[in-house]
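Labels run A, B, C and D following the written order; every chain starts at residue 1.
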Amino acid sequence: MHGETGPSQPPRSLRTDRMEALSDGVFGFAMTLLVVDIVVRPPGTPLHQMLRAWPSLVAYVLSFLTIGAAWMAHTALTDRFERTGSIFLRLNLLTLLVVVFLPFPTGLVADALRSHVGEREAVTLYGLTLLAIRVMGFALVVYARHENLYPRHGGDEELRRAQQSPLPVVIGYVVAILVGLAWPTVAVLMYFGITMVLVVPFRTVARVVFGHG
Amino acid sequence: MHGETGPSQPPRSLRTDRMEALSDGVFGFAMTLLVVDIVVRPPGTPLHQMLRAWPSLVAYVLSFLTIGAAWMAHTALTDRFERTGSIFLRLNLLTLLVVVFLPFPTGLVADALRSHVGEREAVTLYGLTLLAIRVMGFALVVYARHENLYPRHGGDEELRRAQQSPLPVVIGYVVAILVGLAWPTVAVLMYFGITMVLVVPFRTVARVVFGHG
Amino acid sequence: MHGETGPSQPPRSLRTDRMEALSDGVFGFAMTLLVVDIVVRPPGTPLHQMLRAWPSLVAYVLSFLTIGAAWMAHTALTDRFERTGSIFLRLNLLTLLVVVFLPFPTGLVADALRSHVGEREAVTLYGLTLLAIRVMGFALVVYARHENLYPRHGGDEELRRAQQSPLPVVIGYVVAILVGLAWPTVAVLMYFGITMVLVVPFRTVARVVFGHG
Amino acid sequence: MHGETGPSQPPRSLRTDRMEALSDGVFGFAMTLLVVDIVVRPPGTPLHQMLRAWPSLVAYVLSFLTIGAAWMAHTALTDRFERTGSIFLRLNLLTLLVVVFLPFPTGLVADALRSHVGEREAVTLYGLTLLAIRVMGFALVVYARHENLYPRHGGDEELRRAQQSPLPVVIGYVVAILVGLAWPTVAVLMYFGITMVLVVPFRTVARVVFGHG
């Protein structure tokens, strides 16, 4: 389980379990912190206040699923690690730094969509953060592949997803960010679409629906 | 421990330990976040302010135990998993999304019971969230059973509880939600009763009290 | 590692690792949440504001060490578990419920010591919570011993500490709570003394200082 | 995995996994809590408000990386533990106490750099906390080495980093704290430099860049 290395690879022998434990903690806590930003505010009847909280809800679901997708890619990647190394640990910390940052622009977007003030700025910062999460996630894959941190053969569908070229998604985010400069709400819809692409396992769903195996 | 699958089931081979670690983290954080919503507020003497905080306390205990019950069912279910799969991971994320949401309506209920403003709306949203947690928990059981993620034979009492038909509890929640439209406080009492049914292991208590075996 | 039970003990076969993971998460998060209550407030120069924050700091250290002591007793107890059971899981949840509650009276005490309003009420609630944590911790030990959840023979010093009669500490807390009704600050000092007794391993320190063995 | 000790070392036989789990949780939460302190505030256009939030961002990145460095040293140290002991557990709790405290001075620094009030006091407290984290981390190494908690032979680069004399870093912090009494902003830059030295694995980077092995 720990990826103890033999005597032939002395400099890269750290166990992976604590890296995974820290990452699971940070991913999970970042998900949970998102709910703190959901608030109801006067004016209006209680029901109106709740209904007017929809931007908070949209931002919550969107950010939760984005972190969830990043966690799934992270899990699929390190699932097969036999060891980890100094540089991977640090790239991992940078990834977590970006993930942990997400609740901040999430709150900005929720506030901006509600108050119609600063929507463009908030949505742009939000998009840049989503983009950074995706790019850092792929940097982990590239580095791990380059350093042979996991066996090349085999690998399940989840890992194949994590290894896919991030170019389509990156282009999608860049387009959405540019669109958001003019129409912030449209950008949010585009972020939602990209998140769905990242989260929904279309191929597996098809296999389950149309027959097992 | 990891549920490595043999070569005959390539597409469903992810380890279960990180799914469990993320879930434990999220359940635990959601429980802990609840305490942030307990506040004392003027007016009144310090003692009065504390005594007037009882709705916060009731909501705290109720939500804590609900999340605890969901965690116990989750543990009993994945305890026997040999592997997990792409779709289960995503159903699990959706379950966590609903669990993490609970502190928000918990805070609304506490505020509403204290201020007597918006009780009906808050209690209804709270009930719907409790219902969603129960339904998502059962969806996990149904999917896991359908996909044979755990061995059918054996299983302890905790797993039998998790596999029980959720219909009585769902009906209970629906009735409580409807009652809450007229009498919100009564609905809270009903939620409390349902939570007790979910949490207290009557059969095991009887066995311990009346003899071991 | 998981405490899989043989076929002769069917009803008590849950793994202990997730119970430990949830507990570690909740203990750790409760410790971390305490820092949220440390605040500086006008009036005064920045240095004065910081110095006037000392009640927050005292309450932070006191609560952190209390949770730490509860965590150490919990670890020492479940360290030797071969399995866990339905009722222990629920007693454990109740213990966590009390632990998670601690940041609330901690914040009350810090506010009260600063503003000199409601000190008596805050310090009393704080003491009752400390007492409840200790009592719940001992209830776990008693139940585990009664149900033979861990082997009787052996056990290290940490476990012996966890198994000690809680009576002296309980009496200490009760006396401190009563004293606090008249002199709240004295009660805080007494809580500090009791926490030191719980945390400092006098016997082990003596062994390390006076020779290994 | 658990570091079960043989019958010859009865008093120091606790498993290390829960100590690691609690530590990972606390390090992770402390990292995540930092983001709560990033806020935008009037006056100004939304873009101005965001740009004026740069002290929050600097403080966030700095504290995140400091905790990350402490976590890496902690991981490298306990990675090779075969057992843990009563006193190490308590030193570990004290280390966590200081780590958890960091979000408080981080928030103070961010507020002070933004408002230009109390910069000196905030930056000094921040530096003292960074220093305390480093000193506690080294105390763990010294105690573990003294008590032979891990095998002396072998050890990877990460552990060698953790075992390095902390004197240069401690001197760096002390100088930065003294400089900060006159020029707080310069001290923040110096903290940044020290953190970079702690986080960037120059030797490993050189090895990766100039050839593997």
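In the analysis below, a residue touches a chain if its C-beta (ideal position, glycine included) is under 8 Å from a C-beta of that chain, and two chains touch if they have at least 3 such contacts.
Note that this is a predicted model, so its numbers are computed, not measured.
Chemist: So chain A and chain D: same face meeting same face, with over half the numbers shared, or different?
Modeler: The interface of chain A with chain D is built from mostly unshared positions.
Chemist: Please indicate which chain is farthest from chain B, where distance is taken between mean Cα coordinates of the chains.
Modeler: It is D.
Chemist: For the sequence-identical pair chain B and chain C, determine the rotation angle of the Cα superposition and round it to the nearest 5 degrees.
Modeler: Between chain B and chain C the superposing rotation measures out at 90 degrees.
Chemist: In whole angstrom, what separates the CA-based centres of chain A and chain B?
Modeler: Centre-to-centre distance between chain A and chain B: 25 Å.
Chemist: Nearest whole angstrom, what separates the Cα centre of chain B from the Cα centre of chain D?
Modeler: Centres of chain B and chain D (C-alpha means) sit 35 Å apart.
Chemist: By the touch rule stated above, which residues of chain D touch at least two different other chains?
Modeler: Chain D, residues with two or more chain partners: 1, 21, 25, 29, 36.
Chemist: Touching chain D in the complex: which residues of chain A?
Modeler: 1-2, 10-15, 18-19, 21-22, 25-26, 29-30, 33, 36, 85-87, 89-90, 93, 96-97, 100-101, 103-104, 108, 112, 117-118, 120-122, 125, 147
Chemist: In the complex of these two chains, what residues of chain D are touching chain A?
Modeler: Those in contact with chain A are residues 1, 20-21, 24-25, 27-29, 31-32, 34-36, 38, 40, 45-47, 49-50, 60-61, 64-65, 68, 71-72, 75-76, 78-79, 154, 156-158, 199-201, 204-205, 207-208.
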